[in-house]
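Sending over a structure as structure tokens; questions will come in a sec.
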């Protein structure tokens, strides 16, 4: 097994390249994804190699990106849409929620909508408004969609391929501030290490379970390392799939640790952590030593970038959450 | 005090009429709200009395309704938008989430956006797709908005006036299958019985707290009456405000009863009940005798109307939730 | 008087009413054939049989519509959006399609579906509330109804982009070159999605005909609320051709649609057709048009009835006689009875099937919720 | 040669380049004044002082832009969207406004803001990341920047509808009649919101001038991706006038905008102006245009520079000399130094103020979260 060192960004590129090589029906569509390779260069080189019919620079209109992609899916294509930034997905919201999510049900199964909508998400890159949001709850709340978030290069490489292979629409969140993180793995491995909708226990522990997804996974691991030095053992779970929610992995861990901290960048109110809290409390009522603690973004519009450190859950806030869980 | 018997629909009309009489800056905009009076006749007679400048039939485009209303608000008006049905609010989602919700913060307080977006919501009226949805969680999750739902005629009458008076944008949900429910109250009372963002304990009880909003409030009350015949005393809370969430009323009740059932028509995953569950568990960890039980819509696109009874929480499902809470 | 003068005097001229001089017409409201230099050629080869079958389609779908209305009134359907008055727009355009062309309807194209070979139960099923559509679009190249106004314009455009990516435009091979037709209403023209579809279709030369049935109303709002100028001119702003056709004239609608489909198939990109017609009934059975429109307007449009127009023409030209018309009416009676029986037999599916098609692939939540539902149902049965 | 022939030979003719014959121009790229029957009247009364102040504005905002760029490169700003090349489009249109007119900018209208009297720190503040805008639009009738492409077109339209509801159009009173101007780019023309704004503005005769700076690029996509035809023709599809002006010609931009604002104020409804210009720099400091455009294109546009053009004209007409130009440059140096100092002094607000302006009215969650944040912060201070 030969491993390669690759960034998360390039892992997505390589994953899409493999999917495109395997299936001529896979097409990409989005703003600036052609010659420029996208503002994050995730599609770099792909138009050159696969042509303008398969890597489609779209007019500047997101509803158009998603709506025409859905039409292509109806024609037998497997479109992968790129939304330039989290905050620019909303013009496409109607198409996603009322069309993409519901078409299969509308046709009682006669129509399949195998499409992926890629969205770079999260903050921490010092950008102006609309460039640092975490809109995942909107999609996870929408029945008919599947919603996932990758957190590291190897997962990115595999998850994007699995998402493209999935016959249901997949909203695919990419942790933009982790694009340049590197990972070492076997790019040519024959199969994915795990299913697209499975959570991953990225660090085993005994005292408190910490669960999150996307950009905060790295922060959770750092928190776990820091906690260890103080003698606290954290079990860290990378959710990977937000919908369907791999709840069994979380409840299994909570049955062991009795304590759970959920981490997300999105505003806490009605975020993923709320749902996890509700389900875990339902299923592990007698196992919980403490209420589920949520470490999340504030319930305000994302702040100006120079203030974002106050908004984002960092190592200290995660450890504070752990302390609060342990205080019970 | 002279009381009048009025439907919920007409209570909204009378509330808007009062607001328009009081403040010439209040204008209404939406599809078919003029001569037709809206598909639910909520604006019936208002264009005739206030003119086409104050009751504006809009072109058929929801982003346009909300976006131009926001522009009017910037000019000093207090627009009230009507969205024809829940499922047709999504084309306006970008304007609501990225503009209406964030304008005040963007201007560091220099700009106020006093506008109301009225949305008839919920199922049970035998309609085709997109006419029976409960999209409230999308808005309640969005910081910068306030989100409320009325459940009865007197509240409708007052809440719409209070919403129009509020200097923040308010998403105003109306329980469409209760439009024809009647209530008796003093239409000319000088002041609202309670604040717009306050919950209402609509029935006191001791064994289990049941909380919900909008159309299910009536069902919860029916369930409470049925439970009483079996010797179970339910405390029923009409949430009224979804964001901000009047959590103190719920926790006060739960501290008394030790058990909570949350009811909503929306799909359970990431719905209001999830948030309530998370917050109540956090705040009442040692008071809870049972996990918070959620009685909610299924996690599927809203079904065809002849199947909707299987989807919607009814009296039996609420009582089943109560039984489950009591089983702990 | 010279021969020429006589000929000129006898030559009928179009009667475009408020459709204006740009409106293409081949049959006057009285059923007189008027000639048009560009469009005659599309109807020249139509045989008397063809025209009679047009007539039959018109009558059957009007009956279908009447039956839908009646079924709703009797509580068998939840709602019915009537196509009354728009029969020629729908049959004329639908019959212009080739089998491998693809249709994106709104919620009112029962007539187009019918001429595409759809089982008429399909739309009844939706409005009865036993499914949200439930047919396979690939069977008749007729997509599911779209209720969210304008959304399907983007689907049609994307589908057409796919047709082009497949290499199925501009080859000159009629079995291969494919067009997409997208129906929407005058009100829909205001939706951002429709404009975006125009942008995309023009940018990618997508083989799509945007077919706007301007029936003058979007529920209670007259078309003047949506546009200052005739709707077909909207296309100008996006750099592709737009035409207005008399949508109550089945020959003109057929000819103009054929022409536009050919243009699209040739690789030139999109075309907009505005079929100028009228919604004779209420918006749907839930609507009350007396609130917002005067009956004189409706009365006036009765003179432009699409079925009477073709009937006069057929009778006048000796292509059909009373026995034919009677036979069609009788066929319609049978058709209606069948429809009604079929509708009543459309059964509601058992509750647990709700979870069957939310996702194409296995989904743990679907399984868990279905199982919980069945257990819950069983608990009642046990209790009884 | 007759006198007339000589006169004709001497009369300069517009040099419209790829802007095409419809493009309105009053100054050639070489700075020669060309006359235009419809637009001369709008510049006739401009004094030499006026023109010199135009020049000054152009130079100052180019310096502002250069400073923004430099500050970003030095890490003082997070991002900078340059207006290089678009100075005349911005100053020309901005100067055409009356004080009580209202402006809806995108994120690139630093030049318009400047001529409206905005403190240049305003936009630096945003791109430094100390606020998301943070100014009061009412102070200079200049709205907050809008980053979501096209969204402000609807705000401008609604605001203009409000102006009309206030009775402030078509009265003939120049102190009262009010117009709204809405800026957006060529790429933005594809967004559904912009088309919907066109629909609403036309339907309600809203006094709004849609001012599209076609700088030929939307990040990496050429304008041909958004439209097959010149963008000003988009308005045709919606039934209102559209004009193309040479956006690098400050006189023409000024004249055409004045004309269009007058039309809007008179109550005729919207007008679209396409200012044909060029984005000389990268899309923003985050962009790398070498990936997608050839430098020859940029070189060609250098010959159409908006500042040199006015400078040549002023010099040639004897309205300004070297000492004037030098004085402006010196003023610009001082202005730049001030800007830079001002920018560095823009402080980040304390964390707890994050909760201050999410809502206008009291909000319990804001209070609770602010309090929790302060307690959390204090816990660290205690620990230290």
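Order as written gives the chain letters A, B, C and D; numbering starts at 1 within each chain.
Convention: a contact is a pair of C-beta atoms (placed from the backbone, for glycine too) under 8 Å apart; a residue touches a chain by one contact, two chains touch by 3 or more.
Note that the structure is a prediction, hence the values are computed from the model and not measured.
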**Message:** When I count C-beta pairs in contact, which pair ends up with more: B-D or B-C?
**Reply:** B-D
**Asked** Relative to subunit B, which chain has the most distant C-alpha mean position?
**Response** D
**Item:** For subunit A paired with subunit C, centre-to-centre distance based on mean C-alpha positions, whole Å
**Value:** 42
**Message:** From the mean C-alpha coordinate of subunit A to that of subunit B, what's the distance rounded to whole Å?
**Reply:** 31
**Item:** Rounded Å distance between subunit B and subunit C, as computed from the means of their C-alpha atoms
**Value:** 37
**Message:** Quick check on subunit D: which residues sit in contact with 2+ other chains?
**Reply:** 131-132, 148, 190-193, 196, 199, 203, 225-226, 358, 365
**Request:** Scan subunit A for residues touching two or more other chains and write them down.
**Result:** 58-59, 61, 63-64, 87, 90-91, 94, 98, 102, 105-106, 129-130, 143-144, 245, 269, 298-301
**Prompt:** What residues of subunit C sit close enough to touch subunit D in their complex?
**Reply:** 189-193, 195-196, 199, 202-203, 225-229, 233-240, 269
**Message:** Touching residues of subunit C toward subunit A in the complex: what are they?
**Reply:** 131-138, 143-144, 146, 148, 151, 153-163, 165-166, 192-193, 196-197, 199-200, 203, 356-361, 363-365
**Fill in**
Residue positions on subunit B within touch of subunit A in the complex are 63, 87, 90-91, 93-94, 97-98, 101-102, 105-106, 129-130, 137-138, 140-141, 143-144, 243, 245, 267, 269-275, 277-278, 281-282, 285, 290-294, 298-301, 328
**Complete:** Interface with subunit C, subunit B side, in the complex: residues 31-32, 34-37, 39, 57-61, 63-64, 87-88, 90-91, 126-130, 269, 298-301, 303-307, 309-311, 316-317, 320
**Asked** Hey, which residues of subunit C end up touching subunit B in the complex?
**Response** 78-79, 107, 126-132, 147-149, 187-188, 190-193, 218-221, 225-226, 286-288, 291-292, 348-349, 351, 354-355, 358, 365-366, 369, 373, 376, 380
